[in-house]
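The structure under discussion is supplied below as structure tokens; questions concerning it will follow.
Chain lettering (A, B and C) follows the sequence in which the chains are written, and residue indices restart at 1 in each chain.
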Amino acid sequence: MVALETEHLTKDYAVGFWRPRPYRALDDLTLRIESNEVFGFLGPNGAGKTTTLKLLTQLIYPTSGRISIFGRSPGDPEVRRRIGFLPEAPYFYDYLTAEELLAYFGGLFGLRGQACRARAAQLLDRVGIGGERRLPLRKFSKGMLQRVGLAQAILNQPDIVFLDEPMSGLDPLGRRDVRALILELRDRGCTVFFSSHILSDAEALCSRVGIIVGGQLVTAGSLSDILAFDVSGWEIVVADLDPAVLDDFTGRVRRATRISDRRYALEAPAQTEPERLVADLRARGGRFISLNPIRSTLEDFFVQQVAARRAQSPAGRFMPEG
Amino acid sequence: MSDGRTSGRPPGRTVARLLAVAAVLWAAALALQAARDQRYPALDVESDLLYLRAGPTLPRLALGFDGLLADLYWIRAIQHYGDTRLSTKPDKQYRLLYPLLDLVTTLDPRFTVAYRFGAIFLAEPYPDGPGRADLAIGLLERGLRADPARWQYAQDAGFVYYWWAQDYKAAAAWFDRAARIEGAPWWLRSMAASTLAQGGDRRSSRQLWRQLYETAEHEWVKNNAQLKLMQLDALDGMDALAGLVRRYTTDTGRFPDSWAALGALGWLREIPTDPSGTAFVLDRSQPGGVAVAPSSPLYPIPAAFTKKAGPTS
Amino acid sequence: MARVIGLVAYHVFKESVRDKVLYNLVLFAILLIAASYLIGQMTAGQDVKIIKDLGLAASSVFGLFMAVFIGVGLVWKEVDRRSVYNLLVKPIRRHEFIIGKFLGLAGTLLVNLAVMAAALYVVLALMAWRQPALVKASVDAPVLDSGLLVAFFLLYVQLLVVTSVAICFSTFSSPMLSAAFTVGLYVVGHFNADLAHFEHVVDSPAAAWLAKALYYLLPNLAPFDVKMAVVHGQAVPALFVLFTAGYGVLYAAAMITLAALIFSRRDFK
């Protein structure tokens, strides 16, 4: 079943006061997301990720194109009941406590009284701030607010959650928690659509990713389709190596990086037989530390795509006037 | 996508519907307001004046907006005069006219038109005004204190004395005073002289009003003067008709019962009308037997006109 | 729908209750009213009138202050700080949000005005108790006049109109500008009736026509001010109160409808 579908979704903003020029924040986005997917929406800052999320939650209206969530318009109240949303760097109400905030939102979903409060407490525990639930939100740190944001995003046990930079503001422990939460959501049958510019998260979590650069979707598909998992080289870390000895290996080694005194990271091309190289290095007095294959990562792909896209349209996303 | 609606902005028809709702609500509000204003018109002006009395502190209280406030109260003064004059109530007191004009001239002592308006309409007797010549004079005197070069105030004061108080000596004194102010027109001097000599007779009255008519700065001053001139002409006509009535009464021994009676004798070709085109009426109670019809715009002829001429003390 | 609106309104009220600034304001208003008792001691005879005048004036000023300064921020703050994002993605329609905000502020104003009215009555009761003979000899209206309630009621409806205007501006304009416009409209609203008579004093028909159009478009706030009449013991006719209050409520409803329209078409960048 299709959870989310967009068709030629475009958003223009009028920029400037006297003679507004249209700025294309999102250009012709066509996506299709199946139920129970974890979809990573990746792109550099300003690419249009947040714009897309706001369109999907109908905080802004498209200039053209269509959106369908479970077959309905995003503004449909039935859809609203099944959605969760975490905005980037969320802000809530200073004068409420975390518990009161969730009770407020729960009330909007029709939860009442004891059931509502119980659910609020349970969720706050789940995101790790159960102890602070009676604290006014004005006293919350950025990371704590992020957790509250997650809690309110899943308050109604949604069928699809939209998360805008869910890891932002969190320390490594927090990020690990969020990852666990996302996987848990997936296990429960929820569809997760999250945006990020941190690629390692996507690698760890997503079944599919989409990459957006300059308002345009560059590619979308499963990770294994996008990346070639060929080995592109070998990295050997050696210690106790004489610099003079290193010179002898210049032909076989693509690059040598000095880590510390007599300790080097050597990069050899893919065709090398790594075992032979290691043996030769040891023969010349080096002490073998580690051997790792170099694979093309999402980051490489990403950087390459961004550069290509930027070369293509140096003028940027201002539309021609008129 | 099964949903026929796009995910765009609320469609045009929703916008139109909401605008229509807003318009209906607003129109209903205005209807209620109109209903209220119809039943209770006076409630707003009165409440201000119950409290606000002109005095030296008022301009300071106005926080620098005294000019604007003066304009505001001027508008209300005119409105009050107009409403009262046009109303069908029998008891027309023009109660707020002086207080309002007083307020206006206290806030802005150089608000010329307010003084001149007051000069004319404060002195007008019922039903066209409150009939307070004393208030008119007081206002004009204040005006002269604030603006001694304004000869028009002195001239207006002369008019009030001449016309409503019939105090020709005082009137002459005021005209003389006006004539001495620099910039005053030449005829004020002669006006002073003739007032003293023959104040009250129709010819000098006519001269007075003609001068006012020709030098009027405002439409309503002109109209007022024109009305007075027409009334004077009416009086001339009445005098002539009174002569005919006297002859008839002497000849037949009784008062004529209609104009036709005189017409039958060949003394009149048609029913006599006053300068406004309304027929005169025969009225036994009047000294000459002739009067202006109550339906005529010239009615009533002020008593000042019918007084006999002659210098008085 | 009512439940959702009720939730939004409840939270507006809750925020005002927890807002220290508001507490201090109301406290100040009460102190002022209490102080009027002392002032009244100093002027023989006219003290009851002065206390009533001061009490009504203070309530009017503070009420206006609240209506404007809370009103212009009600929508704007949520949008500016982006707390509105969380809210609008829930099952709540945009017009429910606006109506809820309005009703919440209406409730806040009601409570605050009630408190100030109560303070005034307490001071008046104290006066009546302490100096009954002196007081009764010199006043036009009874000391504990129920007519005061009429003045408070019309003041409340007037503030509802001001609030609706403030909220309407709040949907698209920053608090500073909105406050300026709202206060401006309040001032013009008091002279609204005069706009209708402009044609008698201006020569240009275009100016007269414009003045007449503004007379209909802008709120006519002067009739809501019956302080003078009440203090002097003049009866305010029931039908007058009904029509005037009706006008106010309908006008406020029209403004809120407009606000809902503007808000529902907005992009939240």
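Here is the rule we go by: contacts are C-beta pairs under 8 Å (C-beta built on N, C-alpha and C of every residue); 3 or more make two chains touch, one makes a residue touch a chain.
This structure is a prediction, so every number in the text was calculated from the model and none was measured.
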Completion exercise
Among line, ring, star, complete and other, the chain contact graph is complete
Completion exercise
Looking at Cα centroids only, farthest away from chain C lies chain A
Practice task
Please give the pair of chains with the highest number of C-beta contact pairs.
Solution key: B-C
Practice task
Just give me the whole-number Å value for how far the CA centre of chain A lies from that of chain B.
Solution key: 84
Exercise for the section: Express in whole angstrom the distance between the two chain centres, defined as the mean CA positions of chain A and chain C. Expected result: 49
Problem - Separation of chain B from chain C, taking each centre as the mean of its C-alpha atoms, in whole Å - result: 41
Exercise for the section: Please list all residues of chain C that touch 2 or more other chains. Expected result: 265
Practice task
Return the residues of chain B touching two or more other chains; collapse runs of consecutive numbers into ranges.
Solution key: 9
Fill in the blank from the handout: Listed in rising order, chain A residues that touch 2 or more other chains are 58, 61
Practice task
Provide the residue numbers of chain A that touch chain B in the complex, in ascending order.
Solution key: 5, 7, 55, 58, 61-62, 66-68, 71-76
Exercise for the section: Provide the residue numbers of chain B that touch chain A in the complex, in ascending order. Expected result: 1-3, 5-9
Problem - chain C residues touching chain A - in the complex, by the definition given at the top - result: 3-4, 7, 11, 14-15, 18-19, 81-83, 85-93, 265, 267-269
Exercise for the section: Going by the contact rule at the top, pick out the chain B residues touching chain C in the complex. Expected result: 9-10, 14-15, 18-19, 21-23, 25-26, 28-30, 32-33, 35-36, 39-40, 43-44, 47-48, 50-51, 71-72, 74-76, 78-79, 82
Fill in the blank from the handout: Interface with chain C, chain A side, in the complex: residues 13, 54, 57-61, 77, 80-81, 83, 85, 87, 90-93, 95-96, 104-105, 107-110, 149, 152
